[in-house]
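By letter and in written order, the chains are A, B, C, D, E and F; residue numbering begins at 1 in each of them.
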C-alpha cells in the first residue's frame, strides 16, 4: 500500500464549507450519506470526519497527521500541534466565533469577578477553567451537553457559550458579560508529521492551494483598454491596482491593462477607471489566485 | 406566584415524540422555534428542554422536580431518583435502545475479556467503566463527542455505542461483541418532590394520563350486535374479549356487546365474531384508555 | 340549471382552515392549484375564492349570497349583512385578531390623542378613520399595501396593523398604544337571500353543521362502567358531566355512563372518575356534536 | 419454515395507497427505502413489490399466490385468475381509470373505424389489439415506453393511454375518441391457491378485513338520545337509518339510538334528526365496519 | 451620523431578483427573515423594503431618495420623479409585464368601447381610469385586492390585470381584449435628491454598476489565437465582433484576439471562427461589463 | 413554415443533465412542467422528449432527424443510425453504465453457461437474447417492467439489469456474474438527414458546441507573469502546458503566459509554477473550449 496522509475534517457545522473549500482548492471529497469515512480524488489522502472537538487531540497524539479544526478546541485540548495556516472560509464564517460569558439580562453578575463561588455550565470546561484560573477566580464549572442557554438562572448562575452574532443570546433574554476567547478554523499538523519530507511537501502544496482558493473568493479579475497617455494618471490615482499587467495592443496608442482587485473595491474603482478614459472594462470571476 | 411543578423534557431525538405523547395525554406543550423554554396549557407546570444526558443529574440535585429521560443516562449519572413509570412511546421507539460493544468486522476482539489494555471511545464513559469494572477488565475509556463509529480501528480499538436496529453498525462494517445495557424512556422524580403532597398528586395524575394515552395507542374499541343465544359461545371462544360491556337492545333477543381489544388482534377476532353470528361490527379509535 | 347558493370563501391566510372546517362539517371543497373557482360535492353550492377584504362588499351588493370573512372587513366595508354565526376555527385562530395602533418603541406617542395632526398608514383606512372620528382626532390616514411595520418612523408617525400575538410587533421594536377593534371570522349572508325560503333553510343547515364540527373539536366522548351505587356521588362531584347518558348493563349492579366533555377538562376528570370507582374509562374522538 | 401466503403489491403509483389500505385493515407492511422485498407484522405473509403490469402474469403462473393489481393489466396479460374482490381505495382513486383512444384535437380521426391502416402507440398492446380485433379494424400497434402523449401526430396517428380525469389530455391539446375499457384495482388469487384450505381461509379473512376498512372510510357512527315517542317518526322519515341499535336509558321515556350512515349523507340527516327531537347527536369516526 | 442615501427596494415578487442584481453590481444586501429593514455592506445606504405600489409615492414626496419599482406603479401614483435607468433583470423578467383588459372567453365585449357603462375590477384603479378617460369611455372602476381573475363575469364585467405570458389568463378561460400599458422595473430618484452633489454622484456610480452587471449577464468573453493573415477576413466576416482587442504573441505570425459578444450569438460565431483558422477558442463568463 | 431539425432528447433520468449540457453549449431549452414538447431559443430546432428506449427506433425510421440516447438502446433497437459523437456528460455520468447478469448471492449460477434452460427477466430483451445467441446458450428471456431485482430467485433464475456503481445490487444481496455491454450517451442522426446539406451543417455546428461545452467542464484557464529567462525551464518541466500563449509585457524581461489545463492537474502544477518563478498565477473558469 502506498504512503498516505491522514487528514481529519470537522464533522458537523463546518463540514459542508470545508468540503467546498477543498473542492475549490482542487481536491474533490466525497462524503457518503451513511458511513463516516469520506473518499477523495487524491489517492495520497486518507480522510476522517471527526468532531471538531476531538481533532486537536488525535493530531496531537499522532493518530492522524493533520486536520482542520477551530483554534478554540485546539486550546481546549491543550494540543501541541503545528498551525499551518488560518482559514477564514467564507463571508458567513469570516466573522470569528467568540466564547462569551453569559448571564440572564437581570442577573447581578456584571464582571468576571462576580463569578466567585458560582456555578457555570459550558461545553468548553477547559477553556473556562483556564480563564478563571488566570483571573484567580474560583467557581464550579460543569460540562453541558448542549441547550446551555436554557440553564440560567435555575440550574446554573452563568454559562460560557459560543456565539457569532449574539442574536441567539438576545433572543433568550441573556446578556454578555465578557469574552473568553475568539476562534476561527485552522489547518494543523502533528509535529512529527512535519519531519517527514514527503508529508511536509504535500502539506505545503495543500496550504498553497487552500489559500489560493480562499484568496480568489474575495478577488476578481479586471481588464480594460486604456489610452497609453492615461497610464501614469491611472497608477497615481489608483495605487490599489497593485502591479497591473500591461501589454501593447495592435492598435497604436492603446494599452491592455489587467489586474486583480478586491471584489468589495470594484464598485468604487470602476467609476474612476471610466473617468480616466478606460474602455471595455471587464470584470471576471477567479477560481484561484496565487501571488 | 403560584406553586409550580418543574419538569424536564428531553431535547433532541425524543423531543417530538415526547411532546406528542403529552398532547395525547391532555397536556398541550408549545415549543418555540428559537428559545428553549417551552410553555403549556397547564399553569401548574414549568417546563425545561434539556438534553437527555443531563436530566437525571438535575432531577437528582433537585433543581428540577421531574423529567423524562432514558434509563441509560439515569444510570450514567448515578442519579438517585424515583422512577414513576416506564414509557414506551410508539411502535418506532417501543424497541428499547441498546448500548453495545462494537469492533471492526475483522477485529481480533471477540469477547469482553479481549479488551484488556485496549482503548475504547464512547459517549457513555460511566456506563462503560462500571461494566468493565464488574468484569474486572482494565482498559482506557475516552469520551467521544460523536461520530464514534469512524474511530475504529485507527483511533481506538473498540467503541461502545447506542443502537436500535444495528443497521448503522452493519453499514459501517462493524460487529457487535456484547451488550452492556438496554434502555427505554422513564418518567422520574426527585425523592423530596414526592414528599410534597401537592406535587405527588399532580405526578400521579400525570402518570395516569400518560399511561392512558399510551394504552390507547395499542387498543381499539369494538362493538357489535349479537343474538342473546350466542353470548356464551362468544365468551368461551374468545377469552381475550375481557369483560365486555353487555346491554339489552330494544329488539327482543339481541344484545349490544362492547369491548376494547388489542389492535393487532382485530384481524383474527373479527372473522371469528362474524362466524359466531355478530352483526354490524364496528371498530373505532380511542384517545385514552384507563382501566 | 338548478338553483344555487353563491358562497364566498376567503382566499389567503384563512383559506386552508376554512376548507378544512367545511370538510369536517360534511362539505368537501376542491381547490385547484391554478384557477380560482373551487368546486364541491354539494351541487347546491357555487363557490368563489375572494379576498376577505372584499367578501362583505359583494355579499352586501347581492352579487354573492353568503360568505366567510372577518368581522373587521365587514365593518371596513360598512357591509349591511346578516351575521349567521361567529366561527372560531381552531386553537390557532380561536384567538381573535386585533387591530392595534402601533408606534416605534421610543416614539413620544403614548395615547390616541397624541395622533392629532400626525400621519398614519394602514390597510384598514375605514376602520382607522371611523375610530379617529369617534375620538374627535384629526390625522392623515393613508392606505398601505403591506409591509406596514417598516414605515415608522421615517414614512409615517404611526401605523394601524393586525396582530394575533404581538410577537411580530416586538420583533420590529414597535409598541402597541391602543386597540381599535378585535375580529374573528363570521358567516354572513345577504339580507334578501334570507327571504328566499330554499336559501334560508340551506343556510340554517350549514350553520348547524359548521357549529357541530367546531364544537366537536373542543370535545371528546367519554364512557365508563360504574357501580350503580356510585352514580349519585358522581353527579354530585362532577356537575360538569352535564346530563350523561346512563344505561343498565347485563351485569347486575353496574351502569354504563356516557357523556361528552371538554377535551381540556379530561386530565382533571379522569383521575376523579377513577377514584369514584369508574372502570374501563374510554375517551374517543368526535367528528361532530350537535346538542 | 412455516407455511406462507405469497402476495404481490403493486409497485409505483398505487403502492402507498395499497400499503395504507392494508394498514387500515390491520396488516402493517414495512417498505424499506432501498430494497424491494417488504415485510409485515403478519408472519403468514411473504410480500413482493412488483409492477402492476406483471402481477397478473406471475399469479396466473403460480409463482405468487395472490396480489393486488388493476383489472386492465389482468386483461392485458390474459391472466386466468380468481377475482376475490374489487377494491376502490379512496376518494382519489375511487374514480376508475379509463383506457382511451386519443388523437390531436385537429386530427381527422373521429371514430374507431378511422384507425384502419393507421399507427397507434400504447403501453397496452394486448388491450388495444384485442379491441381492434373485436371491431374488425386493422392497424399497426406499437409498444410505447411512456411519454406517449407527445407522439401524436408526428410519430404515430393515435395513442391509447390511461386517464382518470382527462385533464392531462386536454393540457396536451388532445381529444378522446373512444373508451376501450375501464379499470380499478382487484384482489386476485391463483386458482390452485384457492384449493389449499389454509390459504383459502387466510384469503377470506383478508378480504373481510380489507372490505371492512374500505367500508369504514365512507361511513361514520352516529348516536343520539331520542324521546321514545319520536322513534316511529324517525324510522319512517329516515329509512336510510337502516336497522339502528336502540337501547333504553335510565331516564324514563328516552332511548339511545345508534347507527352507521354514509358520511356524505350526514349533512342532510343531522338537521332532520334535530327537528324530530333528537338531542346530543354525536358523529364519530370508524376504523372498520363489517356488516 | 454620516450622510445616507435612502433607497427603497420592492418587497415581494421582484425582491429576490433585485437583491441578486445589487449583489452582482457589487452591493451586498442582507434581508433578515423577520424584520423589514435590510442592511448592506455599503454604509452610505439606508435601505427600505416597501411594496412596489408605494415606492413611487414615497420617492415623489421625498421621504425616500430613490428606489426600484415598476414603470406602471410610478404612473399609477402620478409620481413626478427622475428615471435614472430602465432595468431589465433577467431572462425571466426581461419580458415586460403588461396591463391588459380581460374578459371571459365568451363575453360580448370585444373592444375598449364596449366597456361603456360596465363594471371593471383592478389593482390599478388610476391606470385604468386614465386610460378610459383618454378614450372617452365611462365605466365603473373598483379596487380589487387580488384574485381578480375569478370576478368575471359574476361580480364585474371585465378586469384589468397584470400578465407576463398570458398563460394564467388562458387557464382561467379568459380573453385579452386590449393592452393598457407595458411596464418594467426602473431606478428612480427624487428630483431634489439629484441636486445634492454627493447623492447625485453616488446614484451615477450605482447606475453604472447596475448596468455593468446587467450587461454582463447577456455577454461572454471570447479569446482565441489567430494567424495574422486571417485577421482581415475575420473582421470582414464578423462585424459583430466589435472592436476586438488584438495583441501580438511571442510566436511569429500569430495574434491573440479577445472580445466580448452576446451569449446568444456564440453558437453561430464559434463555428465560423474555427473555419477562419482560429485556434484555442475560449469562452469565459463575465461579472460586469462597462463600455 | 421554415425548415426544422427534429431532435429527440431523452425523457427521464438523463433529461436534466441533457438540457443543462445544451444550455452550456448555447442552446436554451425550456421544458414545461405539464406537456411534453419542449421549446428552445433556436428556431431551427423542433424538440421532442421521448424515452431513451425509443429514440433510436424513431431516428432510424426517419420520424425524427437526430437525438441523444444511450448506446445500449440503439443496439437493443438494432437502429441503423449515424453516431455523431459520444457524450460523457458530467463527473456523475462520465462513468459508463453497464448491463450485467445478476443472480442471488447464493445462486449456483457462476458463469454464462450455467444459464442453459433457465429463466431471465430484463428490460433489455434484445440485448440479452443476442448475447445468449453469440454464446450459444438457450434460455427463456422475459420482459420486465421494472423492479427487476426483486424477482430472483422466486420468479426467475437470473436478471439482466443496468448498473453504474453496483451498490444497489449489493444492497439487494445479489451478485454480478458477467457484463453484457457498457453504454454511454451518444448523439445520433438519421442517415438520410445527413445527406441534407442544411441539416448536416446544423448538426456539425451542434457537435462542435456540445463538445466545446463538455471540454470546458474538465478544463480551466491559467495565466501568470513569468521572468523571460524562466520560460524554457517552464516548457521543459511542464510539457502538459501544451502550446501556451505567450505575450510580452510592458515591463521589460517579463512575459504573460496563458494556457488551458485539466482542472484535475491544477493542484500539482501551480506549486511547480510558483517554484519556477511564476507570479500572479490566476485560475479562471471556462464556459467553452474549442481547439
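Going forward, a contact is a pair of C-beta atoms (placed from the backbone, for glycine too) under 8 Å apart; a residue touches a chain by one contact, two chains touch by 3 or more.
The shown structure was predicted, so the numbers you read here are calculated from the model rather than taken from an experiment.
The minimum number of touch steps linking chain C to chain F comes to 2. Hopping across touching chains, the smallest step count from chain D to chain F is 1.
The set of chains in contact with chain A as well as chain C comprises B, E. Least-squares overlay of CA atoms from chain B onto chain F yields a rotation of 180° to the nearest 5.
With each centre defined as the average position of its C-alpha atoms, the distance from chain B to chain E rounds to 59 Å. Separation between the centroids of chain A and chain B, computed from CA atoms only, is 43 Å.
Contact of a single residue of chain D with at least two other chains is seen at positions 247-248, 284-285.
Pairs of chains that satisfy the touch definition comprise A-B, A-E, A-F, B-C, B-D, C-D, C-E, D-F, E-F. Interface residues of chain B, counted against chain A in their complex, comprise 6, 11-12, 34-37, 48-51, 53-54, 58, 63-64, 144-147, 149-151, 154-155, 168, 171-172.
Chain B makes touch with chain D in their complex at residues 220, 225, 247-251, 256, 263-264, 266-268, 270-271, 274, 279-285.
Put simply, chain A touches chain F in their complex at residues 25-27, 41-42, 204-205, 208-209, 212, 216, 221, 243, 245-248, 255, 260, 284-291.
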